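Both complexes shown next keep subunit A, but they swap its partner, so subunit B is in the first and subunit C is in the second.
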Partner chain A sequence: MTYVSFLSFFVLGLTLGIVYVLLSEGFALLYGVAGVLNGSYGALYMVVGYSTFLFFFYFKLGILASIFASLLLVAFLSYLIQKYIADERNTLDALFLTLAFAFVLQYLVSFLQCSSAFRSSCQYPAFVPVFINGSTTFLGVSIFNQYLVADGITIAILLALWVVLSKTKIGKAIRAVSQDKLAASLVGINPMRVILLTSVISAVMAGVSSVFLTSYQTLDPTIGWNIITLAFAIVVIGGLGSLKGQILASFILAYARVYVLLFYNPLLADFVSLALLIVVLLVRPQGIFGKEVV
Partner chain B sequence: MRTISNAAISRSVIVAIVVVVIVIVAATSILAYQRLVQKPVPHYVTLGLSLPLSYAVGQDAYDAAQMAVNQINANGGVVMNNTHYMLRIVAEDTDELDWTIPVDQGVSALEKLVTVDHAQVILGGVRTDVVVAEAAKLAQYQIVFVDIESNEPIVECEVHHSPSCPPGITANYTAYKYYFHLFINGSAIAPYLVKFAVELKNYAQTHPGWPNVTRVAVMGENALWTVGPVGRPAGNSTLFHVMQNLGFKVVYASLFPLNTQDFSTHLSQIAASKAGLIMLFFSGSDGASFIEQWQSYNWPNGQKPVVFGPGLLGGFSEFWTMTNGAAQSYITWPATVNVSFTPKTVPFIDAFYKEYGHTPNTAALDMYDGVYIVAQAMSIANSWKAYKLIPALESITYTGVIGVIHFTSSHGINLPSIPMYEQFGQWQNGVLVPIWNTTSSSISSKIIPPPS
Partner chain C sequence: MPILFVVVIAVLLVLVEAVTQNQFYLGVFTLITMYAVLAMSWDILSGVTGYLNFGLAFPFGVGGYTAAYLWTAYKIAPVEAIALSGLSAVFFGFLIGAPSLRLKGHYFIMVTLLVPIATSEFLDFALVQDGSIFGVNAVVNNTSFVYNASVVIFALTGIALCAVAYSRLGLVLRSIKDDEVSAQALGIKTARYKLIAFSLSNLFSGMIGAVYVFSNGVASPTNFGLLFSALPVFMCALGGIGTIVGGVIGAFILEGAIDFLRISYIQDARLLISATLLVVILLFFPKGIWGYVRGESK
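Let's look at the complex of A and B:
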């Protein structure tokens, strides 16, 4: 490894790791508070990409308005999923139901994409345009400005989340519900509302990661599956319910991926997260920072 | 009483017989009259299109087939045994440009075309592994398949050995004679790319503002069609061995998975390798992502490498929009530029543009010619049946929109005499500008270097 390639490894891994934190944060948060492993998390990511495309190219909204409208849409969708599909169910039931709903969304988008209403979208793949152009060179390595902004937003979201959870009334309510729903309800907190709110926040996080990342790929109704696999791997490797575990796992997976891309074989990059997931589940099923269930 | 009853029955029977006879005569007369005044029932030949209809490549090919069919029918259809047959098309969506779908789905579409839609000839094919699987079914159905866009010589080599066929292929004419290939195959691309690279080197060395294009980075999507030109591992192919003998140096070579979204690591390595030329081999939307990121990247000293290479999507009119204009200066092959490859080319492109609002892609040009070739072969053979149609197709010479077409002994297209496959174009401000073809003495002065 030369000095130049080490710098590339360091900088690109750092950038990607922060993006991974953003991508998995919503998934981890909902599990931490409500015990829901949201199987439709990746599908929500996909829907935001498509809806941004729709608002931008068909309804001619500006890019920021399109993103905002898409985030509203996905927040509403997540509210419906939590209220009518996942609520009051155990983790496994909720996982299967939300996974099934993810397939429903996938096939619905697939159908609508080439329906008579949007026939011209069949002419070429849907995509979200890059909305922050250019690159910045850091330690001799060029990084896309859109990634840098995504990194900044991730850090801002994490800080905001920390402030909300530790300093505000609603944050205390969320923490209370995450610890014990029954006890929380006994002190006047409505767990249902707290979980719904968390679900909406989680979906918005998936949406924010989507608008930043889908600019660099064309959209496909199946893109969500890679995302949920990655989010699931990060959360399990870090330890279910552990924020610091999730952050650490994000960087482990990001650096492993960048290492394989730079120094080994790009065709194996997607294999890394799953291989690490299997290793962690075999060696330490509770994850790096997870508590062992007795 | 008995006598009276018999007489009454006899009268009734006679009346009934008379009524029945009158009815029969009347009905027969009506039918005969209808038959006399009726227009002759049109005879049809059904062309089955096996295409990814949700993608531009499939949609353009479908539209071009419809245009060709309408034109042929307007001129009386196809005459076989002194009978006019109208052409009609039926299409099945193979979805084969979605790389995640299994090959079976493409084969199912072919099966439906034959068994349910009763197609008599099949045209289509884009993804090589799907076409290979489809070709294996043709002998079972005894139906001709004209492949318009896949580009690996596997099936050609199964039809008949030829000098371009890779060693180890077992020719099986009986099983594969139904297959005809209108598109250039992956290995045949190489000579054109080498010729252009040499011309580009000469141009760049004598004009200011160009990077050192002798340092080459190779980027190839991990698909069957890139095995020939890119090699395995990447860079290990005849194409790059020849280029190295001609003064080029491959300083970076990599494959990337289909639908890759982030090329940061590749770009950083290409930048570190000081490559001045990126040869990009793609067919799907990952190429658009690469081009966008190549344009956004902060290249050392502000000197962007030139990007050129075969990219199916790169020659489509939508590519400029897809990349948000980042395709500026990207050089693509093959390029459906508005150039008179034959007297039929420009009228077709103009008519297509007028009808559908965009420039047709290569699949459209190939499909348009494919329909006409099949129609001409049917009228020569006086049949659509494979055992008569195959000899007709094997001996046909047809001047189409892509060039003067005839098939080789392995049922491939007769290269090198198809001008469309010799044309390179460069994206400039939303327009694909013709900059070179193999008959040019040098690169056109219209070429521009990558923006700094």
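Let's look at the complex of A and C:
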């Protein structure tokens, strides 16, 4: 391994890992607070990609406006899902319903993208434009500027989230609900409103990571399934409810992926991370830092 | 009662073939039957014992690949190939199940979800590497063979799994769902019973996977696709989890909706309509349709 390729491995893994943290934290936050796995999380990610494309190319909004409009849309969607589909159900029913709703979103998007009713949109593959051009050479490694911005924004969002959760009243309410819903409602917190707020935050986090990650690939209505698998895997591997473990798991997966991409065989990148996940689960089922007894 | 229901459905399926030779209808009923088998297989492990298996595509795909391999390499006749595929799915399932069935909750979901995805990624890679694909020469004019094979497997699966689920063994399996620790305290070797249920589930999914390959004429990484894992789960949720026959009802509703909506101008929206139908039914019948019917009659 030469010096430069080691550096590019290091830098690329870092940039990817930071976005993975955002992606998985959005999933974990809602799970921690609502106690329900959101099966539509991947679909929300996919919807953001498509709606950004739609706003940008059909409604000719500027790129920033398109992104904000998409985030608003997906936050609203997530609110509706939490309020009318996932709420007040047992864990299993909520999981099935949100997964089924993810299929509704997926088929809705493929219907709108390509069907006899909307023939004109069928010929273009959808994509999110790369909105920050150029690349920076850093220690001999060339990185897309967009990745640098992505990491900056991601870190800012995560820090803001941390400040909100630990310092503000709303953050305390969120943590209280995640610890004990009943006790929280006894001290005057409305758990329903806190959960809805969390679902909106979670959707925005999925959306932001989607905007950055989908710029470098073609959109497809099924991309959400890889994303929810990834987010779920990071949360489970890190140990449910352990932020430290989750960050570590994000970086392990990102580095494993980048390693295979750079030095081994790009076609095996997905397989290796999946195999790694399976092995970790079988050897250490409670996750890296998890305390839950299995 | 549940066994009777399965027998009636099987007889009706035979009658369909007696009435019509329309390739489209036979094809649709083949698919419905296949999904019904998958749904019942899912239910015997996940519905009854509560261990949620999100990777039914694994035995399904393994069965398919085994059949394709036996057919191309050794010229083994389809019927024997189907039986051997079931056994092969049990064997590979055992390799996964033995270590993973001691996991609980999300951890078990995660492993079962990842295994077929990883397998299909690997097969995709292998496909690119040596350029070969496991093809089977489709049996010429095979609609009626495939139809008969799936109806026979449907009847077998339905009768066997209903017999298991509504017997003493079924009670033992249900005790695992209610409280595994108490069951162990009563001297029940839960690990062994979970493996039995898992193997039964894999046996029938592997056999129907082989039939699917004979109807398609090709075994490819898409045989490990997400829908083969997801649709049976939804079908059971629609019909009623843990009832075995619920999955059959769900298969008729969901797969029926997906295929019979292939008419004129709504055919592009058929998947959207089916998924919406699924959400609506799940919203209003949380216990599933069979559960609703049973609840009403009591």
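The rule we apply is simple: the second predicted complex is superposed on the first by the 287 of 294 C-alpha atoms of A that agree within 3 Å, B and C clash if a C-alpha of one lies under 4 Å from a C-alpha of the other, contacts with A are read in each partner's own complex, and residues count from 1 in each chain.
Just so we're on the same page, a contact is a pair of C-beta atoms (placed from the backbone, for glycine too) under 8 Å apart; a residue touches a chain by one contact, two chains touch by 3 or more.
What you see is a predicted model; the values in this text were computed from it and never measured.
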When subunit B and subunit C are modelled together on subunit A, clash or fit: fit
Which of subunit B and subunit C A:137 touches, first, second, both or neither: first
Touched partner set for A:62, first subunit B, second subunit C, both or neither: neither
First (subunit B), second (subunit C), both or neither touched by A:218: first
Subunit B versus subunit C as contact partner of A:152, first or second or both or neither: neither
Which superposed partner A:270 touches (first subunit B, second subunit C, both, neither): both
Subunit B versus subunit C - smallest C-alpha distance in the overlay, whole Å: 5
Doubly contacted residues of subunit A, that is, touched by subunit B and again by subunit C: 222, 267, 270
Residues of subunit A defined as touching subunit B within the complex: 4-5, 8, 12, 15-16, 113-114, 122-125, 127, 129-130, 133-137, 141-145, 147, 213-214, 216-218, 220, 222, 258, 261-262, 266-267, 269-270
Subunit A residues touching subunit C - in the complex, by the definition given at the top: 37, 85, 89, 92-93, 96-97, 99-101, 103-104, 106-108, 110-111, 115-117, 222, 225, 229, 232-233, 236, 240, 265, 267-268, 270-271, 274-275, 277-278, 281-282, 285, 294
Touching residues on subunit C, where the partner in the complex is subunit A: 52, 99-100, 102-104, 106-107, 110-111, 113-115, 117-118, 121-122, 124-125, 128, 226, 230, 233-234, 237, 265, 268-269, 271-272, 274-276, 278-279, 282-283, 286
Subunit A partner contacts - residues on subunit B that touch it in the complex: 53-56, 59, 98, 100, 222, 254-257, 259-262, 264-269, 271-272, 285-286, 288-289, 292-293, 296-299, 313, 316, 318, 321-322, 324, 358
